[in-house]
Every structure is written in structure tokens, then in C-alpha cells.
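Both complexes below contain chain A, partnered by chain B and then by chain C.
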Partner chain A sequence: MKHDNAYTGQEFKVIGTRVKRPDGIDKVTGRARYGADASLPGQLVGRILRSPHAHARIKSIDTSKAEALPGVKAVVTAADMPVPEGLPADLAHMLENSMARERALYDGHAVAAVAAIDARTARKALGLIDVDYEPLPHVTDVDAAMQPDAPVIHDWLYTSGVDPKPEKPSNVSQRTEFGLGDLDQGFAEADVVIERSFRTEATHQGYIEPHACLANVRPDGSGELWVTTQGPFVYRNVCAQMLGMDIAKLKVTSSEIGGGFGGKTHVWAEPVALALSRKANRPVKLVMTRDEVFRASGPTSSTSMDIKLGATRDGTLVAARAEMRYGSGAFPGIWGMLSCMTSFACYEIANCKAIGYDVVLNRPKVAAYRAPSAPMAAFGVESAMDELAAATGMDPVEFRLKNASREGGQSHYGPVWGPIGIRATLEAVRDHPHMQAPLGPNQGRGMACGFWFNIGGQTCCDLNIGVDGTVTLTVGTVDVGGSRASLGLIAAEELGIPYEQVQVNIADTGSLGHNDMTEGSRGTFSSGMAAIFAARNAVAVLRERAAKMWDIPVDEVTWEDGQAKATGSEHGNLPPLTLADIAAKSPKTGGPIAGHNEVVADGAGVSFASHICDIEVDPETGATKVLRYTVVQDAGKAIHPDYVEGQFQGGAAQGIGWALNEEYIYGEDGRLQNPGFLDYRMPVCSDLPFIDTKILEIPNPGHPYGVRGVGETSIVPPLAAIGNALSNAVGVRMHHVPMSPPRILKALREHARTGPEKAA
Partner chain B sequence: MLTVKANGSVRNALDGAESVEVTASTIRELLDRLADRYPALERELDAGIAVAVNGEIYRDDRDVVIPDGAEVFLLPRIPGG
Partner chain C sequence: MSGVLVTTTINGDAVQFACPEEETLLDALRDRVGLLGVKEGCGTGDCGACSITLDGRLVCSCLVLGAEADGREIGTVEGLSENGQLHPLQENFISHAALQCGICTPGFLVAAKSLLDRNPDPSETEIRYALAGNLCRCTGYDKIVRAVQSAAKQIREQAAQSA
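After this line comes the complex of A and B, so read on.
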């Protein structure tokens, strides 16, 4: 059924208020149940044996000693997880990533797993599995992997997107290109050209809750999976297909989620837990350690890029070129392509070209991380933009404003822009008091912009009205960032009742139709749209019931402020019926009152952010402290402003960590050197100032309330905003993220020796 | 008749053409007719294609009516985090 999702400019009563979060008490008192908090009678403990090699042929695996150990109930290898006929290539890669086949493709790749009566026995059993490896040459650096003499990781991988088609396999899975105009002509018009190269290291999403699940496969082939995930329906479909199960016979229930940020859109150990349970005929709980999360669940790409920008003397950006090389881990990815689509979105550039390369490496399979691929591209482009502004003698904000994308202009990735907020965010930055605050020695201020698409997707929900007039809204998108409160507000708004009268639940896969994952900032956008339509369906039923109670035609009943009102001269004196009045009589007027909706929620509105930050550099240690930080972002309609601000702050905090400290460090042996929070340095509260926010509400024309996604965009600007602040503070331009103390010290020393021209 | 433009990997599937002419009134018709003409597009359809109609991006809705003279762009399907 088609729905009109157009923005209507509706006046709101409860939307935009800051109601209490429904999950707050459980989360602060420890009652909330996460992935590791479920148990079943007779459950076993699952543990995974992982490769110590960056790349190795698995000549043989002898599990006999482990299987003979008392207390061990099952041992699985790839032989227990065959590739079902017709499994699509992306799922086959996911399956091989869950359990290595002929080769271990990275340090940490699973090679076998055990289920035992307790953790001690399981650990002991792992030590009894004898894997005979033949180490193979490895490559973990994205530039090295593109060299002609690099070890070729997959002999079946030929670069797509190049003409002529290559005759030899390589580590480059695809080349993509987006752009407009004539680049040569554009650079010929330019009076000033900035050309720089940048690198960014891989980071992890860093969710505090590790991957955890409880799998229970029964002898009849049906099963259950309790799991921390951003999408139980997708996990169900993927796991069932990988393991040859019927989709309807696998029930997946999502736990509360302790962070996902994209990393829980992908399965890692869950298929292994199901395979162990199937073999042992017992429930199996499998909780990854932090070491395993770092080594074997998906981080971001590590990248290398060349950015060239040209402007005329009056500050018009006339040409831009980006060549971006993104590692995708051990399997092909689309991350370089995504970098192309986001790189120049903030600006109107008549002549531009973005070229992306996706490159396989002996690293964990890359997964989405909050606005995937955009922060790295923005680091390069926004750093170069600051240099170009300086070269044209313009203020960096005014330079960006002069060249900002506008409604009706053509985006660099193709389509024309609808109503967008980049200019509004820049104007808000320009006028913000933060921009005028004084700075001290070794302190600097920087700003940068960011873009993300946001997405919609398949969505459905049920809205049921109890006989006491309370309302249950059941949705299928996991509440990652506060969507239960937002969706409760939407149901209350549509029905005209108080928010407190609505309870929002997240369904398991047996209780609702398919819902795509909570990804792409789509939770409140998509389920909100479904909730609006479901509530309107319920209102239609409420009007019918009121008409029946009054014995008047339904056309003469309206719904206003949570009440049915009779209209017209004949019935106008009837007292209104509240939702509770109608619900109380529902058993005798036709049974339960409900509204349902299934929708493909397209029309997600793109989002822009502009950030300001002040930092101070300690010249003796190279340590950088963020003193003040302000996020300005276009949210569309902010349903629950607290949560919108929280998303802005969370994105900025993660971006600050990425900018200053977080990185995957590999040794010469291709092994990850820092798989723990001690050596992989994420920011904690004491590292961060209060992150100030300013919400701009430019309505999305593709949503009845004007909602855009808000969860991702604010991780995009911080890398460049901090790089620009550093440059303004101490005169060195950093070209390598993270801008960690050793790199800054090195740059400061180089600067002192040779002057500011030398890059860091 | 629509003029359909493409970028990135989708353009490669259209034999590198910057734009192609198609007669179609909905996204479904558009993609069906293009897939008949360009077999390589099947791989892109499997991987996921989004269609931008006058700037609005549709990832899943194939029933969208495309107005005459609309700007139509084929793009790779975008994931999220």
C-alpha cells in the first residue's frame, strides 16, 4: 500500500518535548539485559580458536584431542559450516569470515570452535586443537597492497571498474569514479592550487558491550538466537541462509545493545554459536573477549588519499580531485566507493572527480562505522579546504559559505539537491559566540564540515490499544540511540494522548514482519514513519467504534485531541469519547483496536554538520587537549531534542578519539599489536569538554514530520576540525590520523628544523 | 522518454555510458528495461541500486512514478553505520 510521506508542516503538541527515557532506570540499575545476560537450562560455553598468523594455509586441523576432553560437547571447523548451494557471494564471504576455510586470512581469523560445560574446559580444549599452518606472505598496508609486487591475497579477485578488464588478479577489488565537469579546464582556471596526501589509520567502533549471543538449535532444525545486534531480522535471514536453516524456524531476539555504531550490522561469531549448538544439541552462549572484538570484528578502513583543490583569486572553488584508497580487510568491500560519494558533497564544484579504490588486506573484514567512509575523506578534503582558504586570503568559514552546496544545485555524486542545511550550519558557526572566544598560547581554533546520506528501508510496526486506553507500539528496529522515546512521542502525537500512555517494545523476529536494521540513522526516521501510519489506521478504527457507540455515521465523527467528536447539527451535543472510553467498550464493539503498517521508508533526507573546536597542544609532549567543542547539525525535525543532542555529542566524541589517538597498529609480522583498551586509547569523560550543540531544523520533504536521520553525520567533521585547530595552534599541518602525541612531536621538531612547509 | 544518468559502478554496468534513454513510467519499469538491455546491470541490482528521481533517493521503493522530464540518476545502494 502506498503512503503519502510528504512533509505537511503539521503543528505539534508533544513532538519536540524532552520526556524521560524509558530505558533509563533499567540501564543505570543494571536490570537491562544485554547480549551476555540470557541463560537457558543446560547451556554450554562457546570459545573460538583464532589464527596467530596474518596469512596462512591451513594444511590440517586435528580436533580429536579436544573432542576427547571430558566436558567438551562439540568442536566445529569449516567442515561443519559448509557453503549452502546458491549462497550469494557477500554471504559466502561473511561465512568464511566467521570460520576460515583453506586459509586464515588475518591475525584473529577463526579456525575452530568448541562448546564445553564451562569456560575452563572450553579454553583447555582450544589448546588441544592442533592446526598445521603454512604461513603465507601477507600485506596489511593499503598502499603496499596496491604495488605490483604485493602478495595477492585472492587469486579469484580481478579489479572491476577498469577498462580493459585486467588479466591478472590483484588486491584491488574495484575502482569507482564520481564527478562532474572538466577537471583539466577547472584546474586551468584556478589561480591557487593545493595538493596534499593524507593517511588515516583503522579504528574500531569501540562499543563497550562485546559481541555476545545465546544460540539454541533444536533437533527438528528450529532454533533461537538471543543476541546483541542492530538488526534481529537481518541476523535471522543471514544466519539461516548461511547455515541452511529455514528463515521462519530461527527466532532472533535482540537484547539491549551496549553500542553498535555499525559494527553490529554484521554477523561475526553468531553463526559459529549456532553451528556449535546444532552439533552439541545444547544451548551455547558465546561472548567475545575484547581481544577478539578488536582482532576479529570489523574495524574501519585504513586509508591513503591524494587531494587536489583549485580556486580562483576571488575564492571560487573551481576544481577538485580526490584519489582515495580504502582497505576493506580480507574480503572485498565498497568503502572506497562510499568515500567518493561523500567526499565533495558539502561544496558546489563545477569540475570535480572522486576516484575510489577498494583494496583487500590481511586485516579483519571491515564493517560500517557511523557514516562509513565519510570521516576519512572529510579529513583530507576539509584540511585542504582550510589551506586553500588561507591561500586565497579568506576566512575559512566565509570560504566554505561561498562554495557551499545549495538547493537546486547538482551534487558531485549526481542528483540535484533538495532542501539542505550546509549553508545554515555554516552561518550558525559564523555567528556562534564560540568563534569569538579568546585563545591562549599553544591554543588554536578549527572548524570543518561533514555530510552523510541517511537511509530508510523496510519497516513495519503494530500499535495495539489496551482496554484501559494505554497503547503498545511494537517496532522492529532496535533502539540504539533512544528511538523508543521518540517513537512513543510520535504515537502520542498522532493519537492525541500523553506520552506516558504509550509503551514502546522491540519485537523479536517471530512477532513482527521484516524490518531492516537500525543503520544509516534510520531508526526514528523509518519506524517513526510506520508509527505515524499505524496510528492513523488505529484512529480510523477508533472513529468507527465511536460511531457504533453513538449509532451515527462514521463520516460524522472526527478525531481531535485524543477524543472522538460528533459533528453536525444532529449530533453536536454528544459529549466527546476519549480513547480510553472507546477502548473500554472495544470487546463489545468489534474486538481489539489496533493499527498496523508496513512501509518501504524511502525519502531519507541528507544531513550536514559544521563543527568548531578549540584545542591546546603541549609542545613538550605533543599531547592535545580539546578545550571547547561545538556541533551544529541539521536534524530535520528533532523529535526528542535530548536524544538528538546526545547523538551529536556521541558522534563528535568518537570523531575526537579517531582524530587524536585511536588506531590499529600492526607489527611486521602482520599481527595486531594493540587489541585492548589499554593500548587502543579511546577518549573517556575526563578527556573531553562538554560538547555544546545547536540543532537546526530544516524539514526533510520526504517525511511527514520532516525528520532526517541524526546519528551519523557528527562523526564526520572532527578529524579535520581538530587538524585545522592544530595547524592554527602550532603551525604544523597534520596529514596523518590519528594526530597522536608522537606524530605531533615529530611534526613540531620537523617544523622547528625546516619551517612549516614540511608535512607531518 | 527518460534520460537516465549513472555514476560509479553502475555506470560501468551501462557500458560506461554517462546517460541512456529509456521509456519507463516507474522505477520498476526503468530497472527492468535497463536490465534487459544491459545484462551487466544484474550484478549491480543484486548488490543493490538506488534511484534518485528529482534528487530524492529511493533504495527500495520500485513503485515510484517517474514524472516526464524528471532527473533520474542511478547510484550504488548506500549502507549505514
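After this line comes the complex of A and C, so read on.
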């Protein structure tokens, strides 16, 4: 059956209620099983040896002593994980990232691995592997890596997106450009121009559960993988291709996931665990330590950028230019490109150009982190927007409202805007009581806006009706933050039954067709759409069965409030049949009743947010405390408001951590100096206030219920909102994130010495 | 393999296990006793996911050796619900949506119970500082603090009724 994804404006019965999540009890009793919580008979302990060098040639690896240690069952190196012929370049990079080939490309790059009977033996075996390194020149700074004299990390890397093609390799993998109009003309029209440079340091997604998996490869070439992942189907495809296995013969089961935020969209140690299991012919459990998570799994880009904005005296934004340089770690990425596409999305700017560079560095391979690339670009643009508002004498909210993108307008990165929420979020901020609350000494208020695309993608689900009338909805998108509750609500709404009558399961790769990852804020959007369509297919079957039970034509049966009703004067007196009535008879009316749907969930709706924050700076220490925080965001439709609020609050908290403290700190030797939660300081409970939320619902025309994604946008505004608040509190404009106590103290001292014009 | 035999009480039950001398109590509880509700987030005492009580005192089990548990009383998340009833903290974590991914939840529950055992009527600030040793990356702590406040109130009301 063909289904329409258009928004219908229907009235809801259970959508929007705050029901209990189905996985709650297991998670509060310790019964939920995460990546490290599975076991198999005869399993071994896997461990990985990692490079202590930022960049080094691996002259030789001698594993003989480790192999000879009693209890060691397998040792693998790159020789055991060759690049299969025809492997696409991006997968070849992932494979090389999982296990170094002739060179170690960053501190923490895997060079060998062992599987042994216990942790003690595995640890000992790692110490017996002899790697002969020849250190090479390294570069970990994004600007330094673009200099002509920088060490070139890959001799095969030529910048794409430039004409003519470069004659020499460099660390710049890609140049991208998006924009509109005539930049020179735009700046010529401008009465006021603000031009600033910004830097942001790399952060980590910081999920509390380290990467963990249990690999079981059999001698016949089949295998299974239990793993904490945002996408078991993608992990299956990627790992099978890397290891030369048949996709159908590798079954991947996603465990409960202890946080991902983009970092579990990418394989790290999983191919290694499979290679160890294949070589040892035993199951292998491999759990990364926190040190390994920091050194060798997906941080964000570190960035450097130049932002130039111009406005006329009446406050019209007439020109904007951004040049943004994004590190992608040891392999090429798309992060500079994403920065271009998100940078100016909030505003209607007749003449603008966003240029992005992706730059390889001797750092771990960058992975997505919640609205990847957008927070850094927003830090630059939204900081400059505040300065430009001040220069034109306008209130920062009114200035943004005057220039906000609008429905029917042309975005700078391509699409023409449909119904969008940027103006509504700004109006809600303007009218929010938070904006009128009094402030004390050393306190300041700031606001900023943010944008994220949201995506749809390949999705399928099964909806099966039991003989007792209860419903099992099986989806293939991993539940990272409560989506099972939302999807249960959707199935209940569509069938007209109570939420409690629906059980939602997450499928393994052997039980359902391909689903893309839970990423891009697509989980509830796309699996929700598939669930609606599957339920409608099931309703069609229910109507057929009711017609059969009544012995009337199916056209004369409708489905209302969870019941089949006979229509027409002839049958109107037949009592309705409930879903349970029809299900009970199903063995004799044609067998199991189910609805299925496979769809590419098109029509994802973009998302905008505006945040307000109050901070206080301690002038003695430079420490900043967030006093009050308000998130306003367009959800399209909040299926389960608790978990929408939770996404808003969690994203804001991550953004606050990024703004104030979190950063990867590299030494001169190119080694990461703070690979642990003590020195990489994420916000704790006593660092934060309650985070107020306001959910706006501007329906997405591309979803039957109007749903937009809600997971990512809330991390975009905080960096700039806090920078703007700091500027208002103590008169210093910070241009370097994180705005940590030492940086703020330095800026305050500079400010005291030279006056407000000098910036940090 | 050398090792030690440890006799201990876990969630009120007498338990014996053997473990290598260098093994943490966290690993022993997970791998020898099967209490997988105790989670490892860092192994260095910075995240609180492995929080347990040892003779009534809140500790990170990754910073205690299994051997040190000999003769001691251990409390874990698995011991929170009694007589088939969820503890009010557990109930309120669910009803307040105080968990998203849930990996930090066992540690938060053990830490929050430890707080409420000592201080049945904590202020918001006292809750925030008592839970500052537990990292959560999903929630921004907002709904966790509200859940603890609500559970504390419920426990106080129950105590007043039964008094």
C-alpha cells in the first residue's frame, strides 16, 4: 500500500502524553544489558595496543613473545586485517583507523591486539609485543597543518573542490563553498562591518558507556556481534565488508546503548574484535577503557575561522562571509562542508559566502557529535551577530528577528524554506520572563540561535498483532533516549488502542530489513513514519478480517477508536469488533495479522532553536557559573514531551560543557594530555541550574503528525549564548572556546590593562 | 593463578567469591558475582557509574579491590527494590524521565539513596553536590534532581503516615 507522508493536522488522543517508557524498569534495577553485559561460553578478553607516538613509521612488530605466553589465544595486527579488494575509500580509512598499517597516525592509534583467557594475561601479553617505531614529524593544529611547510600526513591526499587541481598533496582534503549574491557589492552597501577570528578546541561526545562488544566468528565464516551502537545494520555492513564476510552471515545485535551522540555511528574496535575472534576461533569480548575512548574514538573537529558580517544602519544584514577550517583527524572528513551549510541558515542574507576546509591532523579520526560542525560555526557567527547588533544600536533579539530566515526564502545552502521556526523561537525568547529577570554584579545575559537539518533515510518496521490483541512493534532504529516510548505512542494512536497494549522492540539485523542509523535526529521521525504506515497496513488487514467475520464487503467496514465498525443501513446494527475480538479469531480467518513498512523517510523538517542564558563570572578566578538557562526550540510535534525536553536539556548541558571547560589538550609531542574524566571536565550536577524548556510546535509538512527531529539542535546555540553573556557580564569578548577560567582571567587582565576594545 | 577468597554480604545475602589480588571490586561484582547493574564508565573514580555502598558508605567500586570487601557489607542497585516493590527513587526516575540512555542510572540511584538515608529533606543544592560525583551526559541533570526531590518528598510522607 502506498502511503502519503503529508501532514494532516489530525487531532490526537495519546500523542503528546507523558507515558512511562517500556525499558524503564530494567534500567532502574540494573537489569538492562549494555555493550559490556553479554557473555558467551568460552569467551576471551580482547585488548588493544596503541601507539604512544603522534606520527610514526611502524618498522616492525614482533608478536612472538606475546603469542608464546600461556593463555594467549590470538594476536592480530594489520596483517590479519588486510584491505579487501574494491573496498570503498571511506571504509578503507575506517579499517586503517581500526588498525594501523605502515604508520601510526595519532597518539592512541591501534597497532596490535590480543585475545587471552583473562584480563591479566591479556594485559601482560600487550607488554610483550615489540613495536619498532620511527617517529615522524607531526601536526595537531588545524592552522599549522595548512601551512606550506607543514608535515604532509598523506602523500595521496590532494585537495578536492579547487580548480585547477593542486600539483602537490597537502593536509587539506576538501574545500567547499556555499552562498548567494555578490559579496563585494554586499559589503559595499554595509555601513557597519564586524570582522573577527575564532577558535574552538576539540571535544568528545563523552558518552558514559565506553565502546564494548562481544564478537563471535565461526570457522564457516558466519558470525555475530553484540555491540553498543547507534546502527546495527550499518555496523553489520561495514564490518562484513572490512573483513570480507557475507553481509547476511554476520548478525549484529545492538545492546542497550549507554549514550552515543554520534560517536557510536562509527566502528572503532569492533572490526578488531571480529578479527581476534576469527583468528582464535573463540568468542572475544572487547571493552575499551576510558583512556582509549578519549585517545582513539570520535572527538569533534578543532576549528579556526574568520567571520565577517556587514549591516546597513537600519539593521539589515546585507553581507556575510565565513572561512572555516575544520580538523578531521587522521583521515578526510566532511566537517568543514557541514559548517558551511549550517553557518548562515538562521538568517536571510542577500550576499553571503561560506567557505569550508577539511584538514587532516595527527589526531583521532573525527566522528559526528550532535549537530556535527554546527556549534562551532554558530559560535563565530552568533558572537559576531551580537557585536553587529550593538554596532547598529539594536537589541540582539530584535536584530536577529529583523534578519531571520522566513518561509519561502532562499537558504544559502540550497533549499527554499518551508514553514520554519526561527522567528517563532526568537519571538518566544523576546517575550520570555527570563529576559526581564534582574541581574547582579559580574552577571550577564546572552542569547544565540542555532540550526540543524535533521534527516530521514532508510527505515522499516514490523507491527504484529498477538491473538490476545496486544501489539508488538519491531523497529530497527536504536533507542538512544526514549524513542521506544514515542514509537509505542504512535502505534497506539494509529490503531486507536491504549499505549499499554503496545510493546516496542529493537530488532537485530537478522530480524528486520535494513535501517539507517539513529543519527541526524531521525529515530522518532523516520521509525515513527514507518510505524504509522505499518499500522495503517495492519488496519487494512483488520478491516478485511472483520468483513470476513461479518460476511460483508470490506468497503463497508471502517476502523475507528480501535474497533471495526460496519457501515451502511444494512449492517449498522452489528456490534463493533475490537482489535482483540478480531485477533482472537485470526487463526481461522487467515492467520497472523501484521503490518509492515519499508520506506525512505523523506520530508525531514529543519529545526531551529534560540537559547537564553545568565552567567556570573568570578573576577578572581575567571570561573563562570551558569545561573539560569532557557531553551526554546521547534519540535514540529512533541510525541512524548518529557523526552523532547530531555533532548533540549541534554544538548544544552553538552553545549555548556563545550563552552566553558571541555577541550582536548595536546602537548608539543602531539600526545593527548587529558584522556580521562578528571582532566577532561564535563559538567556535573552542581555545575548546572535547572534548564527551562519551551517546546514550540510548527508542524513539519513532510510528516503525517508534523514531527521534526529534536535531538541535535539544542547543542548549537550554547557556545555563543555563553560568549555573549560573558561579554555582557564583564565586557570581554571571548574568541576562543572553551572559555575556561585561565582564558577568561587572561582576557579580564588584558581588558583591565588596555580597555574594552582588546579581545581575548 | 594466585587469588583470594572473599566472604562478604551483598544486598543482605552472604556471598563468597574468589578473585585475583589486583582485581577491582567492580570487576569482581560484575564478572564473579554477576551483578551487572554495577557499571564501568571510567575505571578511575571520576564518573560514579560503579557507585555502591560499602558498610553503608558510598564508594566507587572501581577504586576498591575485590579483596578489600572481605567481611564487609555491600549494597548495589540490585538491592534497591524490596518485596517486589520498586524503591521510590526508582519509581520517580521512571515517572520523571530522569534517564535517557540509563547507563549512569544505577550509580545515581545508589548515590541518591545514600543521600536520602543521611538527609531525608535535602535542598536542591545539597542534592546537586551529593550527586556531583556521578556523571550523566544525556539529561543535563534537570530531571534527575526533580526525581530525587519528588522521591524524597514521597519517602517523608510515607514515613509520616507510618509514624
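In this section, the second predicted complex is superposed on the first by the 758 of 760 C-alpha atoms of A that agree within 3 Å, B and C clash if a C-alpha of one lies under 4 Å from a C-alpha of the other, contacts with A are read in each partner's own complex, and residues count from 1 in each chain.
The rule we apply is simple: contacts are C-beta pairs under 8 Å (C-beta built on N, C-alpha and C of every residue); 3 or more make two chains touch, one makes a residue touch a chain.
Note that the structure is predicted; figures quoted are calculated from it, not measured.
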First (chain B), second (chain C), both or neither touched by A:176: first
Chain B versus chain C as contact partner of A:261, first or second or both or neither: both
Chain B versus chain C as contact partner of A:369, first or second or both or neither: first
Which of chain B and chain C A:31 touches, first, second, both or neither: second
Chain B versus chain C as contact partner of A:414, first or second or both or neither: first
Touched partner set for A:337, first chain B, second chain C, both or neither: first
Shared chain A contacts, counted only where both chain B and chain C touch the same residue: 205, 261
Complex interface listing, chain B residues touching chain A: 5-9, 11-12, 16, 46-47, 52, 54-61, 63-64, 71, 73, 75-76, 78-81
Parts of chain C lying in touch with chain A, wherever the complex brings them together: 1, 20, 22, 27, 30, 35-44, 46-47, 49, 76-78, 80-81, 86, 89-90, 93-97, 99-106, 109, 125, 127-129, 131-146
In the complex, chain A residues that touch chain B: 2, 88, 90, 160-161, 163, 174, 176-179, 205, 261-262, 265, 334, 337-338, 340-341, 368-372, 413-418, 453-458, 519-522, 600, 602-604, 701-702, 709, 712
Chain C contact footprint on chain A (complex, rising order): 18, 20-21, 23-25, 27-34, 36-37, 118-120, 205-210, 256-261, 287, 289-290, 480-482, 642-643, 645-646, 649-650, 652-654, 676-678, 682-688, 690-691
